[in-house]
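As structure tokens, here come the structures.
In what comes next, subunit A is part of two complexes: it sits with subunit B in the first one and with subunit C in the second one.
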Partner chain A sequence: MVDVDLSLVNWSRAQFALTAMYHWIFVPLTLGLSFLLAMFESIYVRTGDEKWKALTKFWMTLFAINFAIGVATGIILEFQFGTNWSNYSWMVGDIFGAPLAIEGIFAFFLEATFFAVMFFGWNRVSKGFHLFSTWMVAVGSSLSAVWILVANAWMQHPVGMAFNPETARFEMENFWAVLFSPIAMSKFTHATSSGFLLASLFVVTISSWYLLKGRHVEMAKRSIVVASVFGLLASVYVGFTGDEAAFENAQKQPMKLAAFEGLYKGEQGAGLVAAGIMNGDKKPGDSQAPFLFEVKLPGLLSLLANRESGSFVPGIDDLVYGNSEQNVMGVVDKMKMGRLAVADLADFKQARLEKNENGASDALTRFNINKEFLGYGYLNTPEEAVPPVSTVFYSFHIMVILGGFFPVLFLAYLFYTLKGRIGEVRWLLPIGVSSYFLGLVAQQTGWVVAEVGRQPWAIQGLLPVKVATTNLAVGNVQATFFMFLGLFTLLLIAEIKIMLKQISIGPEGI
Partner chain B sequence: MSQPFTTIYTFYRDGFRSMTVGRTLWKIIFIKLFIMFVVLKLFFFPNFLKTNFQTDAQRADHVLDQIIRPAVQN
Partner chain C sequence: MISNLDYGTLQQLWWIICSLVGSLFLFLTFVQGGNTLLWQVAKNDVESALVMNSLGRKWEITFTTLVLFGGALFAAFPKFYATSFGGAYWVWMLILFTFIVQAVSFEFRKKPGNLLGARVYESFLLINGTVGVLLIGAAVGTFFTGSNFILNAYNQVSWTHPLRGLEAAFSLFNLSLGLFLVFNARVLGAMYLLNNIDFSAMDGFEARIRKAAWVNFLCSLPFLLYVLASLLLRQGFGVDEAGVVSMVANKYLLNLLAMPLVLGLLLLGLVLVILGVLATAFKGSSRGIWLAGPGTVLVGLALFFTAGFNSTPFYPSVADLQSSLTIFNASSSRYTLTAMTYVALGIPFVLAYVVYVWRQMDSQKLAAHEVANDEAY
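So, the complex of A and B:
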């Protein structure tokens, strides 16, 4: 049993979620808009048409505003690691140190060189070198995102490491296994491509507003062509990478996949819920129906999860209580082994304290047998291993429905652009104006799916969030939560005001 | 200063001088960095293990105590 103040854990969670979700408003737009800038400028360099240059400079100003407001907010997460999550940050320091240091150094050199040329270098360096710098900002921003996503992926699927009971740290054994973990790869491709999609929606939103107002019409039409093609390709790719991410979840984090779908009883030929209303009273192991209403597509979940339509997909009850017929080990059994691992670790420490080397060696041998279940030893009940199912289910379905809507929107924009009527389609433009905000909803629900879906784990199966926290006074965490809320609200207001002012000024000369 | 360094210095100097929206953005960045590193980091977010323990061995010992707590409590 672990006696911790759950309100402390939940306030620490809330503070981290607030910071990460705020940070995630800016990052995907930076990733995607940098590529659109490079495309706009490539057209300028190829055609020599000064209107493309003015257009590029306009979007570059909005990119700068987004970047300036978002930059460094991620560092607050690192402060929180040291203060609120000291056990966790000590334990993972060896794994995270390398990727985060590479990210920091990479980002610094990228920003000090190519960012400067991109913003200061118009008419001062050659067109070719300026374009090269803009592409380097785009490629470099995405590469810089690799490292933080690798670190996050490691928490969801810890590979390439060994736990050292002497130092209480996970130590890296295979850097390449960490870097090329399948979860890291699917996270990187899904997160970056969703950034490309969001940036395309951003351009469509502002351009549609100009078309509705009858201002900067030529620039808006040119921007829409590029953004719609890029957005369409990105949204299709997001679908593929999302499918790959769900497949990896099914293999490595089956509880998370079960929560996506509100699947309590495992099935062969499991159906995918297209839409549904969950029964809020449903608990693991009870006999209540999980849904008040649902529309299911037969066999599709099995196909997505295992690439076989008749295959078995374990549900929450199977994963909690076990299913011997399907060879699924339950949390109940894992908790027994986890408790042995924790007890063996305690014996190891005691033996070391007493300078009993044989005792320490025996305890270590026993610990190694059950160490992969270490985290389950901290759970008080098997049901604690289940994430908040309704939150994950609705977030997942909102994200997927929006993900299905965006390619249709881009197709409609391309269709009317080809017909030469995009400025006249009055029913479509207001939808376009709202599309960036829908994109933000998809981004944020995606974060909820990934991070709430893996609860209660800080490190999957090895360290629950409640053991990762520092034992602080709840009041301190509450106070800093509201300080962040105030700071982030002010920064967001500043961004919106500066952004709206620049949009209202518009590009020069088009 | 040698020629390349002078060129680079002039490039950055002129770039900063010719900023318009950029001036406001830099002000926001500096205010934000001040709040983060001088106010938040110093007064609200000390590194718990670095502040409370002198050596890595003590830090490891503390974390180990935290993660074996359930066994000790039982």
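So, the complex of A and C:
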């Protein structure tokens, strides 16, 4: 129905995914380490112990290296909405642009201003003002997360807006509905707490390496105490907020939840797949089993999705083809109404162009009947509404398994720290050394779940990605894709080398 | 009170706010300009370290202002954001590329194991301060020379030039504006360094920076004069009450005459820049930045106001005049502009703490002994 160059769409998606995934290597560490720095420095200011100052300055050095490359990879994301997703920018800029501007005004300036004091102000401002500045960097980084996650949540669950047929775009009607959308709240709490968790793992990883090597033992032990407490609290909170995020997904994005679980046929009292291997040949609507192997926990998916263990959870087939028994409207029916809406909108625009007011009024009346399904009118087949199920399923399960492992790890570190034996537990320390890398995997898979699970939509149910792109020759996007791939890879290698060198040098005098 | 403002007033208010952020960015390009002076003014490691550390404490403010400029345009004028960024793809991508490499360069340059070596990171800073600023100037120049785009009934952009925005850099006007901004950034960079560094027992270093301020000002003059003359004489883009865009002789001269306040801003801005340079070059002043910086802001405001007010499409299309963007047809809805205006009430507070912290940090000038440790850039 819509003549779109799919290779352009896919290259545009690939470029956004590439830049976002690189950016998200660094951002969660900034989010969490900024708070850990503030805690370390608070202890220094409270105790006056110079060793805490040396410890703070050591972690601050690593923070700065990470922060710089986080900033570098971040700028392209904001402007990429315009360069590669210009139809999206025009259609929803009224709503989506506002959080980005607010992020700039209130969060980035806070970070940028106090960052300079935090690094270069040790001998230029008072001890108290320096500590205040370090806390402001932490607050600024979390404030930044609020606004970008509000923007992202709106893409998952568009609220507080209406479609204006005159301009053919979505316009904001309720700022507070956008800000306090339940998806925004769960996204913010889940993403920031996962950042706190990752930063705690980062500290545990490097400290464990020092303990294994017998270097900077006192600093490592002190760091582990703070990071393990912070990490344990964060990891438990990540679990709660993750559960809340899944519940919100079930209510607002049931297709995504079905993909999490590889659930094709909806069930009452649906079970949660603890582990499984998916059948790669499985297609929506066919009779093949979705799994080659699965371990299911009965009733738990219904409990997670609806807070009732016997409730009905729609599967992919129900959502695509409909299930009248359970009152689920399928994509098939939504597409019919969506196509009418697309045609009526075109009639409206044409009538306006011809200054035919009666024709415009009639077309608008017809359009209003089906306008909520407008986005479905751009799909070519009902199956197009299904995200890549295997990718989402495996990503979700890797994230959840790792999410269950981290609190256990922090508990073990705290247990042996309290026993005074953390430096001697040779079986635990190598696991601690690897934990940051496992944390990175959990971070990346989490965003794969959120973003790949939303496909094919840029704005859930309203705007497919293929309608959102800039009209560009694909060669342009291919060129910039490889330009960013090469540059970011180069900078990442440089960042890792610098980090390793700084870790090898270690803190001074402790 | 804000909720009672009519739509047209809000649209104009947001053009003023975006213009202010854009103009502040032009002032803050002293970081970019300062980067490009490194080879000229610093003759040993201590001098290099002083230049890098002085600028390195401000680069994020400049970077953040650029990000805010983008965010404010996205929120207030999304049709411009979509049309210009999506259409003039390559000019924006190259600008962004130069800012990406800048962002890591201060931090990575002196760190052991940095893979590329200090010289490469210094080259990144040079590229940012020359190519990056030049292309920004070329992009702003298209506000007066026009761009090659057509918008369809759904406001989707088609760019009609194969260079996708880079063609802007081949217009003499745009190129001149870009080169003026490059040299002006270098003038501002030199003045900032004079204001920020403790030159005790480094007279030669200080003299080289003073000379750089003067020489770069002289270099900027031909481009400035060409831009001003061309602006006043050239045919411009006008829009009538029915929204029809047409070419108007001496449009920008007419705009300045119709808006004496804007003409005043332009003249006052130029005078302040000149006074700042003269005070720096001939009076031994280290406070020239506080004349030339605000002067640059006023010149920037005058340019943006001339481009957008008095029935002028601020982003004109030469491919299809009727696709041109005005502040009235490119803006967000009244609701969004109202909500964002409430948000903008926080801007003075943000500016106040930025200034307060800046003053706290700069109350003592940067001395050589402070850049001799491992934490320094």
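We adopt the following convention: the second predicted complex is superposed on the first by the 503 of 510 C-alpha atoms of A that agree within 3 Å, B and C clash if a C-alpha of one lies under 4 Å from a C-alpha of the other, contacts with A are read in each partner's own complex, and residues count from 1 in each chain.
Keep this in mind: a contact is a pair of C-beta atoms (placed from the backbone, for glycine too) under 8 Å apart; a residue touches a chain by one contact, two chains touch by 3 or more.
From a predicted model like this one, the values you see are computed outputs, not experimental measurements.
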Subject >> subunit C versus subunit B on the shared subunit A, clash or fit after superposition >> reply: clash
Original post:
With the two structures laid over each other on chain A, which partner does A:G104 touch: subunit B (first), subunit C (second), both, or neither?
Top reply: second
Original post:
Given the touch rule stated above, what does A:I76 touch, subunit B (first), subunit C (second), both, or neither?
Top reply: both
**OP:** Figure out whether A:P388 sits in contact with subunit B (first) or subunit C (second), or with both, or with neither.
**Re:** neither
Subject >> First (subunit B), second (subunit C), both or neither touched by A:G310 >> reply: neither
Original post:
Which of the two partners, first being subunit B and second being subunit C, lies in contact with A:Q502: first, second, both, or neither?
Top reply: both
Original post:
Touching A:E173, do we find subunit B (first), subunit C (second), both, or neither?
Top reply: second
**OP:** Look at A:P298 in the shared chain and tell me whether it touches subunit B only, subunit C only, both, or neither; answer first, second, both or neither.
**Re:** neither
**OP:** Quick one: classify A:P165 as touching subunit B (first), subunit C (second), both or neither.
**Re:** first
**OP:** Please indicate which partner A:S86 is in contact with in the superposed arrangement: first for subunit B, second for subunit C, both, or neither.
**Re:** both
Original post:
Which of 98-106, 206-214, 260-268 or 332-340 in subunit C clashes with subunit B after superposition?
Top reply: 98-106
Original post:
Which subunit A residues are contacted by subunit C in one complex and by subunit B in the other?
Top reply: 61, 64-65, 68-69, 71-73, 75-76, 79, 82-83, 86-87, 89-90, 116, 119-121, 124, 167-169, 349, 470, 472, 476, 480, 483, 487, 491, 494, 498, 502
Subject >> Residues of subunit A defined as touching subunit C within the complex >> reply: 57, 61, 64-65, 67-69, 71-73, 75-76, 78-79, 81-87, 89-90, 93-98, 100-106, 108-117, 119-121, 123-125, 129, 133, 164, 167-169, 171-173, 175, 349, 353, 470-472, 476, 480, 483, 487, 490-491, 493-495, 497-498, 500-502, 505
Subject >> subunit A to subunit B touching residues, read off their complex >> reply: 1-3, 61, 64-65, 68-69, 71-73, 75-76, 79-80, 82-83, 86-87, 89-91, 116, 119-121, 124, 165-169, 339, 342-343, 345-346, 349, 377-378, 463, 467, 470, 472, 476, 479-480, 483, 487, 491, 494, 498, 502
Original post:
Taking the complex as given, what residues does subunit B use to touch subunit A?
Top reply: 11-12, 14-16, 18, 21-22, 24-26, 28-29, 32-33, 35-36, 40-41, 44-50, 56, 59-60, 63-74
Original post:
Across the complex, what residues on subunit C touch subunit A?
Top reply: 53, 57-58, 60-61, 63-64, 66-68, 70-76, 78-79, 81-87, 89-90, 92-93, 96-97, 99-101, 103-104, 106-108, 111-116, 153-159, 164, 332-333, 335-336, 339-340, 343-344, 346-347, 350, 353-354, 357-358, 360-361, 363-364, 370, 375
